[in-house]
Amino acid sequence: MHYITDPVVVRYSETDQMQFVHHSNYLKYFEMARLDWLSSLSISYAEMEKAGILMPVVSAALYFKKPLFFGDHFKVGVQLKKTPMATLEFDYQIVNQYNEEICTGSTVLAFLLSKTNRPTRCPKILLEKLPKIDI
Amino acid sequence: MHYITDPVVVRYSETDQMQFVHHSNYLKYFEMARLDWLSSLSISYAEMEKAGILMPVVSAALYFKKPLFFGDHFKVGVQLKKTPMATLEFDYQIVNQYNEEICTGSTVLAFLLSKTNRPTRCPKILLEKLPKIDI
Amino acid sequence: MHYITDPVVVRYSETDQMQFVHHSNYLKYFEMARLDWLSSLSISYAEMEKAGILMPVVSAALYFKKPLFFGDHFKVGVQLKKTPMATLEFDYQIVNQYNEEICTGSTVLAFLLSKTNRPTRCPKILLEKLPKIDI
Amino acid sequence: MHYITDPVVVRYSETDQMQFVHHSNYLKYFEMARLDWLSSLSISYAEMEKAGILMPVVSAALYFKKPLFFGDHFKVGVQLKKTPMATLEFDYQIVNQYNEEICTGSTVLAFLLSKTNRPTRCPKILLEKLPKIDI
(Lines give C-alpha, C1' and ligand atoms only; values in the text may rest on other atoms or scores of the structure.)
Protein backbone atom coordinates (compact mmCIF):
# COMPACT_ATOMS: atom_id res chain seq x y z
CA MET A 1 0.00 0.00 0.00
CA HIS A 2 1.19 3.53 -0.79
CA TYR A 3 -0.40 4.93 2.35
CA ILE A 4 -2.00 3.64 5.52
CA THR A 5 -4.11 5.86 7.78
CA ASP A 6 -3.73 6.17 11.52
CA PRO A 7 -6.22 4.03 13.47
CA VAL A 8 -9.79 5.34 13.26
CA VAL A 9 -12.38 4.45 15.91
CA VAL A 10 -15.78 3.21 14.73
CA ARG A 11 -18.49 5.68 15.75
CA TYR A 12 -21.72 4.50 17.33
CA SER A 13 -23.72 6.37 14.68
CA GLU A 14 -22.02 4.30 11.98
CA THR A 15 -23.63 1.07 13.16
CA ASP A 16 -27.10 -0.07 12.15
CA GLN A 17 -29.50 -2.50 13.78
CA MET A 18 -27.55 -5.43 12.34
CA GLN A 19 -25.13 -4.47 15.18
CA PHE A 20 -22.20 -3.55 12.97
CA VAL A 21 -21.08 -0.77 10.64
CA HIS A 22 -23.52 -0.01 7.81
CA HIS A 23 -21.89 -0.87 4.50
CA SER A 24 -22.37 2.64 3.05
CA ASN A 25 -19.81 3.96 5.54
CA TYR A 26 -16.96 2.14 3.82
CA LEU A 27 -17.21 4.53 0.87
CA LYS A 28 -16.75 7.36 3.39
CA TYR A 29 -13.75 5.56 4.93
CA PHE A 30 -12.18 5.09 1.48
CA GLU A 31 -12.68 8.80 0.74
CA MET A 32 -11.23 9.83 4.09
CA ALA A 33 -8.14 7.70 3.42
CA ARG A 34 -7.45 8.96 -0.09
CA LEU A 35 -7.88 12.62 0.95
CA ASP A 36 -5.62 11.96 3.95
CA TRP A 37 -3.06 10.55 1.60
CA LEU A 38 -3.26 13.49 -0.81
CA SER A 39 -2.93 15.77 2.19
CA SER A 40 0.19 13.87 3.33
CA LEU A 41 1.66 14.56 -0.15
CA SER A 42 0.94 18.29 0.35
CA ILE A 43 -1.94 18.11 -2.10
CA SER A 44 -4.87 20.02 -0.68
CA TYR A 45 -8.09 18.80 -2.19
CA ALA A 46 -9.77 21.90 -0.74
CA GLU A 47 -7.32 24.05 -2.74
CA MET A 48 -7.95 22.04 -5.90
CA GLU A 49 -11.68 22.65 -5.54
CA LYS A 50 -11.08 26.38 -5.11
CA ALA A 51 -8.95 26.27 -8.26
CA GLY A 52 -11.98 24.88 -10.07
CA ILE A 53 -11.23 21.16 -10.25
CA LEU A 54 -13.63 18.61 -8.82
CA MET A 55 -12.86 14.92 -8.47
CA PRO A 56 -16.15 13.01 -8.44
CA VAL A 57 -16.22 9.24 -7.99
CA VAL A 58 -17.33 7.59 -11.23
CA SER A 59 -17.32 3.99 -10.08
CA ALA A 60 -16.70 1.94 -6.96
CA ALA A 61 -16.48 -1.70 -5.94
CA LEU A 62 -16.58 -3.07 -2.39
CA TYR A 63 -15.99 -6.52 -0.91
CA PHE A 64 -17.10 -6.96 2.70
CA LYS A 65 -15.15 -9.74 4.43
CA LYS A 66 -15.85 -9.27 8.14
CA PRO A 67 -17.95 -6.76 10.09
CA LEU A 68 -16.57 -3.76 11.99
CA PHE A 69 -18.12 -3.22 15.41
CA PHE A 70 -18.64 -0.11 17.51
CA GLY A 71 -15.41 0.62 19.34
CA ASP A 72 -13.22 -1.28 16.86
CA HIS A 73 -10.37 0.71 15.42
CA PHE A 74 -9.36 0.20 11.85
CA LYS A 75 -6.77 1.40 9.36
CA VAL A 76 -7.34 2.06 5.69
CA GLY A 77 -4.61 1.30 3.16
CA VAL A 78 -4.69 3.18 -0.17
CA GLN A 79 -2.85 2.26 -3.34
CA LEU A 80 -2.73 4.17 -6.61
CA LYS A 81 -3.33 1.60 -9.36
CA LYS A 82 -1.67 3.37 -12.27
CA THR A 83 -0.35 6.73 -13.39
CA PRO A 84 -3.38 9.03 -13.58
CA MET A 85 -4.59 10.20 -16.99
CA ALA A 86 -8.21 11.14 -17.41
CA THR A 87 -9.04 9.19 -14.25
CA LEU A 88 -7.48 8.35 -10.91
CA GLU A 89 -7.79 4.76 -9.76
CA PHE A 90 -7.33 3.59 -6.18
CA ASP A 91 -7.38 0.27 -4.38
CA TYR A 92 -8.24 0.07 -0.68
CA GLN A 93 -7.88 -2.39 2.15
CA ILE A 94 -9.40 -1.94 5.61
CA VAL A 95 -8.05 -3.97 8.51
CA ASN A 96 -9.19 -3.97 12.14
CA GLN A 97 -7.14 -3.87 15.38
CA TYR A 98 -6.50 -7.64 15.10
CA ASN A 99 -5.13 -7.13 11.60
CA GLU A 100 -8.11 -8.98 10.15
CA GLU A 101 -9.13 -7.95 6.64
CA ILE A 102 -12.49 -6.20 6.91
CA CYS A 103 -13.13 -4.77 3.48
CA THR A 104 -11.34 -4.28 0.17
CA GLY A 105 -12.40 -2.15 -2.72
CA SER A 106 -11.55 0.25 -5.47
CA THR A 107 -12.76 3.56 -6.81
CA VAL A 108 -12.28 5.44 -10.07
CA LEU A 109 -12.32 9.24 -9.90
CA ALA A 110 -12.60 11.71 -12.77
CA PHE A 111 -11.34 15.29 -13.05
CA LEU A 112 -14.06 17.83 -13.70
CA LEU A 113 -13.82 21.58 -14.37
CA SER A 114 -16.38 23.01 -11.97
CA LYS A 115 -17.18 25.99 -14.24
CA THR A 116 -18.07 23.99 -17.31
CA ASN A 117 -18.81 20.63 -15.65
CA ARG A 118 -16.59 19.06 -18.32
CA PRO A 119 -13.95 16.38 -17.85
CA THR A 120 -10.32 17.41 -17.86
CA ARG A 121 -6.91 15.74 -17.54
CA CYS A 122 -5.14 15.13 -14.26
CA PRO A 123 -3.71 18.53 -13.17
CA LYS A 124 0.10 18.80 -13.33
CA ILE A 125 0.51 19.72 -9.66
CA LEU A 126 -1.21 16.46 -8.75
CA LEU A 127 0.70 14.41 -11.33
CA GLU A 128 4.05 15.70 -10.08
CA LYS A 129 3.39 14.82 -6.47
CA LEU A 130 1.81 11.41 -6.91
CA PRO A 131 4.12 8.38 -6.87
CA LYS A 132 5.20 7.02 -10.23
CA ILE A 133 3.65 3.67 -11.07
CA ASP A 134 5.80 1.28 -13.06
CA ILE A 135 4.01 -1.40 -14.94
CA MET B 1 -49.31 22.89 12.37
CA HIS B 2 -48.88 24.96 9.20
CA TYR B 3 -47.75 21.96 7.19
CA ILE B 4 -47.62 18.20 7.56
CA THR B 5 -45.50 16.03 5.28
CA ASP B 6 -46.67 12.90 3.50
CA PRO B 7 -45.73 9.68 5.33
CA VAL B 8 -42.01 8.92 5.16
CA VAL B 9 -40.70 5.37 5.64
CA VAL B 10 -37.79 4.85 8.07
CA ARG B 11 -34.75 3.62 6.16
CA TYR B 12 -32.67 0.72 7.45
CA SER B 13 -29.52 2.85 7.29
CA GLU B 14 -31.12 5.33 9.71
CA THR B 15 -31.15 2.81 12.57
CA ASP B 16 -28.20 2.16 14.86
CA GLN B 17 -27.35 -0.82 17.03
CA MET B 18 -29.81 0.37 19.68
CA GLN B 19 -32.34 -1.01 17.14
CA PHE B 20 -34.08 2.28 16.41
CA VAL B 21 -33.47 5.50 14.49
CA HIS B 22 -30.27 7.33 15.49
CA HIS B 23 -31.19 10.65 17.07
CA SER B 24 -29.12 12.72 14.61
CA ASN B 25 -31.54 11.78 11.84
CA TYR B 26 -34.32 13.86 13.37
CA LEU B 27 -32.48 17.05 12.39
CA LYS B 28 -32.51 15.72 8.81
CA TYR B 29 -36.24 14.97 9.07
CA PHE B 30 -36.92 18.49 10.38
CA GLU B 31 -34.93 19.96 7.48
CA MET B 32 -36.70 17.77 4.94
CA ALA B 33 -40.07 18.92 6.31
CA ARG B 34 -39.34 22.66 6.31
CA LEU B 35 -37.89 22.52 2.77
CA ASP B 36 -40.92 20.50 1.66
CA TRP B 37 -43.13 23.16 3.12
CA LEU B 38 -41.25 26.02 1.44
CA SER B 39 -41.49 24.07 -1.79
CA SER B 40 -45.28 23.70 -1.31
CA LEU B 41 -45.44 27.52 -0.99
CA SER B 42 -43.56 27.79 -4.34
CA ILE B 43 -40.43 28.89 -2.52
CA SER B 44 -37.48 27.06 -4.01
CA TYR B 45 -34.65 26.92 -1.53
CA ALA B 46 -32.37 25.83 -4.39
CA GLU B 47 -33.29 29.09 -6.22
CA MET B 48 -32.64 31.16 -3.07
CA GLU B 49 -29.17 29.63 -2.82
CA LYS B 50 -28.46 30.44 -6.46
CA ALA B 51 -29.59 34.03 -5.74
CA GLY B 52 -26.93 34.14 -3.03
CA ILE B 53 -28.92 33.59 0.15
CA LEU B 54 -28.07 30.75 2.52
CA MET B 55 -30.19 29.72 5.50
CA PRO B 56 -27.95 27.99 8.03
CA VAL B 57 -29.38 26.57 11.25
CA VAL B 58 -28.14 28.61 14.21
CA SER B 59 -29.76 26.63 17.01
CA ALA B 60 -31.87 23.53 17.51
CA ALA B 61 -33.66 21.72 20.31
CA LEU B 62 -34.98 18.16 20.22
CA TYR B 63 -37.16 16.13 22.60
CA PHE B 64 -37.25 12.39 21.95
CA LYS B 65 -40.45 10.80 23.27
CA LYS B 66 -40.59 7.37 21.65
CA PRO B 67 -38.31 5.55 19.23
CA LEU B 68 -38.94 5.16 15.50
CA PHE B 69 -38.23 1.67 14.14
CA PHE B 70 -37.17 0.45 10.72
CA GLY B 71 -40.28 0.17 8.57
CA ASP B 72 -42.28 2.68 10.61
CA HIS B 73 -43.74 5.53 8.63
CA PHE B 74 -43.89 8.95 10.15
CA LYS B 75 -45.16 12.44 9.36
CA VAL B 76 -43.45 15.69 10.28
CA GLY B 77 -45.52 18.75 11.21
CA VAL B 78 -43.92 22.18 10.78
CA GLN B 79 -45.08 25.42 12.31
CA LEU B 80 -43.65 28.90 11.81
CA LYS B 81 -43.34 30.44 15.28
CA LYS B 82 -43.42 34.13 14.35
CA THR B 83 -43.09 36.50 11.43
CA PRO B 84 -39.49 36.17 10.22
CA MET B 85 -37.13 39.09 10.74
CA ALA B 86 -33.42 38.39 11.02
CA THR B 87 -34.20 34.74 11.78
CA LEU B 88 -36.76 32.12 10.88
CA GLU B 89 -38.09 30.02 13.75
CA PHE B 90 -39.84 26.68 13.35
CA ASP B 91 -41.48 24.16 15.66
CA TYR B 92 -41.73 20.50 14.66
CA GLN B 93 -43.68 17.46 15.69
CA ILE B 94 -43.05 13.95 14.40
CA VAL B 95 -45.75 11.30 14.78
CA ASN B 96 -45.66 7.66 13.73
CA GLN B 97 -48.28 5.53 11.91
CA TYR B 98 -50.17 5.01 15.21
CA ASN B 99 -50.32 8.77 15.71
CA GLU B 100 -47.93 8.48 18.67
CA GLU B 101 -45.75 11.51 19.30
CA ILE B 102 -42.16 10.51 18.52
CA CYS B 103 -40.21 13.73 18.68
CA THR B 104 -40.77 17.44 19.02
CA GLY B 105 -38.29 20.22 18.48
CA SER B 106 -37.49 23.63 17.13
CA THR B 107 -34.84 25.27 14.99
CA VAL B 108 -33.74 28.85 14.40
CA LEU B 109 -32.37 29.71 10.97
CA ALA B 110 -30.48 32.80 9.89
CA PHE B 111 -30.23 34.47 6.48
CA LEU B 112 -26.72 34.75 5.14
CA LEU B 113 -25.38 36.43 2.00
CA SER B 114 -23.19 33.73 0.47
CA LYS B 115 -20.80 36.25 -1.14
CA THR B 116 -19.93 38.12 2.04
CA ASN B 117 -20.93 35.48 4.59
CA ARG B 118 -22.80 38.24 6.43
CA PRO B 119 -26.27 38.10 7.99
CA THR B 120 -29.12 39.72 6.13
CA ARG B 121 -32.87 40.21 6.63
CA CYS B 122 -35.52 37.76 5.50
CA PRO B 123 -35.83 38.22 1.70
CA LYS B 124 -39.11 39.83 0.53
CA ILE B 125 -40.06 36.96 -1.76
CA LEU B 126 -39.95 34.66 1.24
CA LEU B 127 -41.77 37.11 3.55
CA GLU B 128 -44.61 37.54 1.07
CA LYS B 129 -45.24 33.84 0.67
CA LEU B 130 -44.99 32.74 4.29
CA PRO B 131 -48.18 32.75 6.38
CA LYS B 132 -48.79 35.80 8.56
CA ILE B 133 -48.37 35.08 12.25
CA ASP B 134 -50.64 37.03 14.58
CA ILE B 135 -49.49 37.40 18.14
CA MET C 1 -36.80 -4.34 -13.75
CA HIS C 2 -38.78 -6.45 -11.30
CA TYR C 3 -39.67 -3.45 -9.20
CA ILE C 4 -39.49 0.33 -9.43
CA THR C 5 -39.88 2.56 -6.37
CA ASP C 6 -42.13 5.58 -6.14
CA PRO C 7 -40.29 8.88 -6.72
CA VAL C 8 -37.99 9.82 -3.84
CA VAL C 9 -36.94 13.43 -3.26
CA VAL C 10 -33.21 14.13 -2.71
CA ARG C 11 -32.68 15.49 0.81
CA TYR C 12 -30.48 18.50 1.43
CA SER C 13 -28.41 16.53 3.93
CA GLU C 14 -27.54 14.02 1.20
CA THR C 15 -25.55 16.59 -0.78
CA ASP C 16 -21.91 17.43 -0.11
CA GLN C 17 -19.86 20.49 -0.99
CA MET C 18 -19.46 19.23 -4.56
CA GLN C 19 -23.10 20.44 -4.80
CA PHE C 20 -24.65 17.07 -5.52
CA VAL C 21 -25.52 13.82 -3.73
CA HIS C 22 -22.56 12.17 -1.97
CA HIS C 23 -21.84 8.85 -3.65
CA SER C 24 -22.21 6.83 -0.40
CA ASN C 25 -25.94 7.60 -0.40
CA TYR C 26 -26.53 5.42 -3.45
CA LEU C 27 -25.89 2.30 -1.35
CA LYS C 28 -28.65 3.56 0.97
CA TYR C 29 -30.96 4.14 -2.00
CA PHE C 30 -30.27 0.61 -3.30
CA GLU C 31 -31.05 -0.82 0.14
CA MET C 32 -34.22 1.23 0.46
CA ALA C 33 -35.39 -0.05 -2.93
CA ARG C 34 -34.71 -3.74 -2.31
CA LEU C 35 -36.41 -3.64 1.12
CA ASP C 36 -39.34 -1.77 -0.46
CA TRP C 37 -39.59 -4.49 -3.01
CA LEU C 38 -39.46 -7.30 -0.43
CA SER C 39 -42.12 -5.43 1.49
CA SER C 40 -44.30 -5.23 -1.65
CA LEU C 41 -44.00 -9.05 -1.90
CA SER C 42 -45.24 -9.30 1.72
CA ILE C 43 -41.74 -10.21 2.88
CA SER C 44 -40.98 -8.27 6.04
CA TYR C 45 -37.25 -7.92 6.49
CA ALA C 46 -37.94 -6.81 10.07
CA GLU C 47 -39.74 -10.14 10.68
CA MET C 48 -36.87 -12.09 9.13
CA GLU C 49 -34.44 -10.41 11.50
CA LYS C 50 -36.65 -11.27 14.47
CA ALA C 51 -36.69 -14.86 13.23
CA GLY C 52 -32.90 -14.80 13.41
CA ILE C 53 -31.87 -14.30 9.80
CA LEU C 54 -29.69 -11.37 8.80
CA MET C 55 -28.91 -10.39 5.23
CA PRO C 56 -25.63 -8.51 5.17
CA VAL C 57 -24.25 -7.08 1.94
CA VAL C 58 -21.12 -9.00 0.92
CA SER C 59 -20.20 -7.04 -2.18
CA ALA C 60 -21.37 -4.04 -4.15
CA ALA C 61 -20.54 -2.26 -7.38
CA LEU C 62 -21.64 1.24 -8.40
CA TYR C 63 -21.39 3.21 -11.64
CA PHE C 64 -22.13 6.92 -11.36
CA LYS C 65 -23.33 8.38 -14.66
CA LYS C 66 -24.80 11.77 -13.76
CA PRO C 67 -25.18 13.65 -10.50
CA LEU C 68 -28.40 13.94 -8.49
CA PHE C 69 -29.12 17.42 -7.13
CA PHE C 70 -31.03 18.62 -4.10
CA GLY C 71 -34.71 18.70 -4.99
CA ASP C 72 -34.39 16.14 -7.79
CA HIS C 73 -36.70 13.17 -7.52
CA PHE C 74 -35.52 9.80 -8.56
CA LYS C 75 -36.79 6.23 -8.90
CA VAL C 76 -34.81 3.10 -8.17
CA GLY C 77 -35.35 -0.03 -10.26
CA VAL C 78 -34.44 -3.40 -8.71
CA GLN C 79 -33.91 -6.66 -10.52
CA LEU C 80 -33.17 -10.08 -9.04
CA LYS C 81 -30.31 -11.53 -11.08
CA LYS C 82 -30.86 -15.22 -10.45
CA THR C 83 -32.72 -17.66 -8.21
CA PRO C 84 -31.27 -17.17 -4.72
CA MET C 85 -29.15 -19.96 -3.24
CA ALA C 86 -26.52 -19.07 -0.67
CA THR C 87 -26.65 -15.46 -1.85
CA LEU C 88 -29.15 -12.99 -3.21
CA GLU C 89 -28.00 -10.89 -6.16
CA PHE C 90 -29.62 -7.66 -7.27
CA ASP C 91 -29.08 -5.16 -10.08
CA TYR C 92 -30.17 -1.55 -9.68
CA GLN C 93 -30.82 1.43 -11.91
CA ILE C 94 -31.54 4.94 -10.65
CA VAL C 95 -33.17 7.47 -12.99
CA ASN C 96 -34.07 11.09 -12.29
CA GLN C 97 -37.27 13.04 -13.09
CA TYR C 98 -36.08 13.55 -16.70
CA ASN C 99 -35.63 9.79 -17.05
CA GLU C 100 -31.85 10.26 -17.26
CA GLU C 101 -29.78 7.34 -15.98
CA ILE C 102 -28.03 8.50 -12.78
CA CYS C 103 -26.47 5.38 -11.38
CA THR C 104 -26.42 1.65 -11.94
CA GLY C 105 -25.06 -1.00 -9.66
CA SER C 106 -25.36 -4.40 -8.09
CA THR C 107 -25.14 -5.97 -4.66
CA VAL C 108 -24.68 -9.50 -3.38
CA LEU C 109 -26.29 -10.37 -0.04
CA ALA C 110 -25.68 -13.38 2.14
CA PHE C 111 -27.97 -15.11 4.64
CA LEU C 112 -26.64 -15.23 8.17
CA LEU C 113 -28.01 -16.91 11.29
CA SER C 114 -27.83 -14.15 13.88
CA LYS C 115 -27.32 -16.59 16.78
CA THR C 116 -24.29 -18.33 15.37
CA ASN C 117 -23.18 -15.70 12.85
CA ARG C 118 -22.92 -18.51 10.31
CA PRO C 119 -24.06 -18.51 6.68
CA THR C 120 -27.26 -20.30 5.83
CA ARG C 121 -29.36 -20.97 2.71
CA CYS C 122 -32.08 -18.68 1.42
CA PRO C 123 -35.09 -19.22 3.73
CA LYS C 124 -38.05 -20.99 2.09
CA ILE C 125 -40.55 -18.23 2.83
CA LEU C 126 -38.34 -15.87 0.85
CA LEU C 127 -37.70 -18.34 -1.97
CA GLU C 128 -41.42 -18.97 -2.43
CA LYS C 129 -42.32 -15.33 -2.74
CA LEU C 130 -39.50 -14.15 -4.97
CA PRO C 131 -40.04 -14.26 -8.73
CA LYS C 132 -38.66 -17.28 -10.56
CA ILE C 133 -35.67 -16.46 -12.74
CA ASP C 134 -35.34 -18.44 -15.96
CA ILE C 135 -31.92 -18.61 -17.46
CA MET D 1 -14.42 20.59 30.79
CA HIS D 2 -14.06 17.10 32.27
CA TYR D 3 -12.70 15.71 29.03
CA ILE D 4 -11.45 16.99 25.70
CA THR D 5 -11.05 14.71 22.67
CA ASP D 6 -7.99 14.49 20.46
CA PRO D 7 -8.28 16.56 17.27
CA VAL D 8 -10.74 15.09 14.76
CA VAL D 9 -10.53 15.91 11.06
CA VAL D 10 -13.73 16.97 9.28
CA ARG D 11 -14.62 14.38 6.62
CA TYR D 12 -15.64 15.43 3.13
CA SER D 13 -18.86 13.42 3.44
CA GLU D 14 -19.86 15.53 6.47
CA THR D 15 -20.20 18.71 4.40
CA ASP D 16 -23.32 19.66 2.48
CA GLN D 17 -23.81 22.01 -0.46
CA MET D 18 -23.72 25.01 1.88
CA GLN D 19 -19.95 24.21 1.83
CA PHE D 20 -19.60 23.40 5.51
CA VAL D 21 -20.47 20.60 7.95
CA HIS D 22 -24.16 19.67 8.01
CA HIS D 23 -25.60 20.53 11.42
CA SER D 24 -26.84 16.98 12.10
CA ASN D 25 -23.22 15.82 12.38
CA TYR D 26 -22.71 17.74 15.62
CA LEU D 27 -24.95 15.27 17.44
CA LYS D 28 -22.63 12.52 16.17
CA TYR D 29 -19.58 14.49 17.35
CA PHE D 30 -21.14 14.96 20.81
CA GLU D 31 -21.86 11.22 21.00
CA MET D 32 -18.34 10.33 19.87
CA ALA D 33 -16.90 12.59 22.58
CA ARG D 34 -19.00 11.28 25.46
CA LEU D 35 -18.35 7.64 24.52
CA ASP D 36 -14.63 8.48 24.20
CA TRP D 37 -14.76 9.94 27.65
CA LEU D 38 -16.55 6.93 29.15
CA SER D 39 -13.97 4.74 27.46
CA SER D 40 -11.15 6.82 29.01
CA LEU D 41 -12.76 6.12 32.41
CA SER D 42 -12.67 2.38 31.61
CA ILE D 43 -16.42 2.36 31.09
CA SER D 44 -17.20 0.34 27.99
CA TYR D 45 -20.52 1.38 26.58
CA ALA D 46 -20.41 -1.77 24.42
CA GLU D 47 -20.18 -3.84 27.63
CA MET D 48 -23.05 -1.92 29.21
CA GLU D 49 -25.22 -2.71 26.20
CA LYS D 50 -24.32 -6.40 26.43
CA ALA D 51 -25.28 -6.26 30.12
CA GLY D 52 -28.71 -5.03 29.01
CA ILE D 53 -28.52 -1.30 29.63
CA LEU D 54 -29.16 1.17 26.83
CA MET D 55 -28.55 4.91 27.11
CA PRO D 56 -30.81 6.65 24.60
CA VAL D 57 -30.70 10.43 24.17
CA VAL D 58 -33.95 11.97 25.45
CA SER D 59 -33.25 15.59 24.64
CA ALA D 60 -30.61 17.73 22.98
CA ALA D 61 -29.86 21.39 22.39
CA LEU D 62 -27.33 22.83 19.92
CA TYR D 63 -26.00 26.33 19.31
CA PHE D 64 -24.05 26.81 16.08
CA LYS D 65 -21.61 29.70 16.32
CA LYS D 66 -19.28 29.27 13.35
CA PRO D 67 -19.09 26.72 10.55
CA LEU D 68 -16.62 23.83 10.37
CA PHE D 69 -15.07 23.29 6.94
CA PHE D 70 -13.69 20.20 5.24
CA GLY D 71 -10.13 19.67 6.44
CA ASP D 72 -10.64 21.61 9.68
CA HIS D 73 -9.72 19.72 12.80
CA PHE D 74 -11.76 20.19 15.91
CA LYS D 75 -11.84 19.08 19.53
CA VAL D 76 -14.94 18.32 21.57
CA GLY D 77 -15.07 19.15 25.28
CA VAL D 78 -17.51 17.20 27.46
CA GLN D 79 -18.70 18.14 30.92
CA LEU D 80 -20.97 16.17 33.21
CA LYS D 81 -23.54 18.64 34.53
CA LYS D 82 -24.56 16.88 37.76
CA THR D 83 -24.34 13.56 39.56
CA PRO D 84 -26.38 11.12 37.46
CA MET D 85 -29.65 9.79 38.86
CA ALA D 86 -32.35 8.71 36.43
CA THR D 87 -30.62 10.68 33.68
CA LEU D 88 -27.13 11.65 32.61
CA GLU D 89 -26.66 15.27 31.54
CA PHE D 90 -23.74 16.53 29.48
CA ASP D 91 -22.58 19.90 28.18
CA TYR D 92 -20.39 20.12 25.08
CA GLN D 93 -18.15 22.65 23.41
CA ILE D 94 -16.55 22.20 19.99
CA VAL D 95 -13.57 24.38 19.04
CA ASN D 96 -11.61 24.39 15.78
CA GLN D 97 -7.83 24.45 15.15
CA TYR D 98 -7.78 28.24 15.74
CA ASN D 99 -9.47 27.74 19.10
CA GLU D 100 -12.63 29.40 17.80
CA GLU D 101 -15.88 28.25 19.38
CA ILE D 102 -17.82 26.34 16.72
CA CYS D 103 -20.74 24.82 18.58
CA THR D 104 -22.00 24.35 22.11
CA GLY D 105 -24.77 22.11 23.29
CA SER D 106 -26.15 19.68 25.80
CA THR D 107 -27.79 16.29 25.86
CA VAL D 108 -29.82 14.36 28.41
CA LEU D 109 -29.55 10.57 28.35
CA ALA D 110 -31.76 8.03 30.09
CA PHE D 111 -30.96 4.51 31.28
CA LEU D 112 -33.13 1.83 29.74
CA LEU D 113 -33.30 -1.92 30.42
CA SER D 114 -33.12 -3.43 26.96
CA LYS D 115 -35.20 -6.48 27.92
CA THR D 116 -38.19 -4.59 29.25
CA ASN D 117 -37.60 -1.23 27.53
CA ARG D 118 -38.21 0.37 30.93
CA PRO D 119 -36.24 3.20 32.56
CA THR D 120 -33.79 2.32 35.29
CA ARG D 121 -31.36 4.16 37.60
CA CYS D 122 -27.77 4.93 36.73
CA PRO D 123 -25.85 1.61 37.11
CA LYS D 124 -23.43 1.52 40.07
CA ILE D 125 -20.37 0.70 37.96
CA LEU D 126 -20.98 3.90 36.02
CA LEU D 127 -21.74 5.99 39.11
CA GLU D 128 -18.52 4.87 40.80
CA LYS D 129 -16.31 5.79 37.89
CA LEU D 130 -17.83 9.13 36.94
CA PRO D 131 -16.41 12.26 38.59
CA LYS D 132 -18.28 13.59 41.63
CA ILE D 133 -20.11 16.83 40.92
CA ASP D 134 -20.32 19.29 43.80
CA ILE D 135 -23.13 21.78 43.69
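Odds and ends about this structure:
Which chain is which? They are A, B, C and D, in the order written, and residues in each are numbered from 1.
By our rule, a contact is a pair of C-beta atoms (placed from the backbone, for glycine too) under 8 Å apart; a residue touches a chain by one contact, two chains touch by 3 or more.
Just so we're clear, the structure is a prediction, and the values are computed from it rather than from any experiment.
Among the remaining chains, A is positioned farthest from subunit B, on the basis of C-alpha centroids.
Comparing the chain pairs B-C and A-C, the larger number of C-beta pairs in contact belongs to A-C. With centres set at the average Cα position, the gap from subunit C to subunit D is 33 Å. The mean-CA centres of subunit B and subunit C are about 28 angstrom from one another, to the nearest whole unit.
Centroid to centroid, with C-alpha atoms defining each point, subunit A and subunit C lie 23 Å apart.
Among the residues of subunit D, those touching two or more other chains are numbered 12-13, 17-18, 20, 24, 27-28, 31, 70. Shown here, the protein chains touch in all possible pairs.
By the touch criterion stated above, subunit D contacts subunit B in their complex at residues 17-18, 20, 23-25, 27-28, 31, 49, 54, 56-64, 67. Residues 12-13, 15-20, 22, 24, 70 of subunit D touch subunit C in their complex.
Within the complex formed with subunit D, the residues of subunit A that make contact are 9, 11-13, 28, 31-32, 35-36, 39, 44-46, 69-71.
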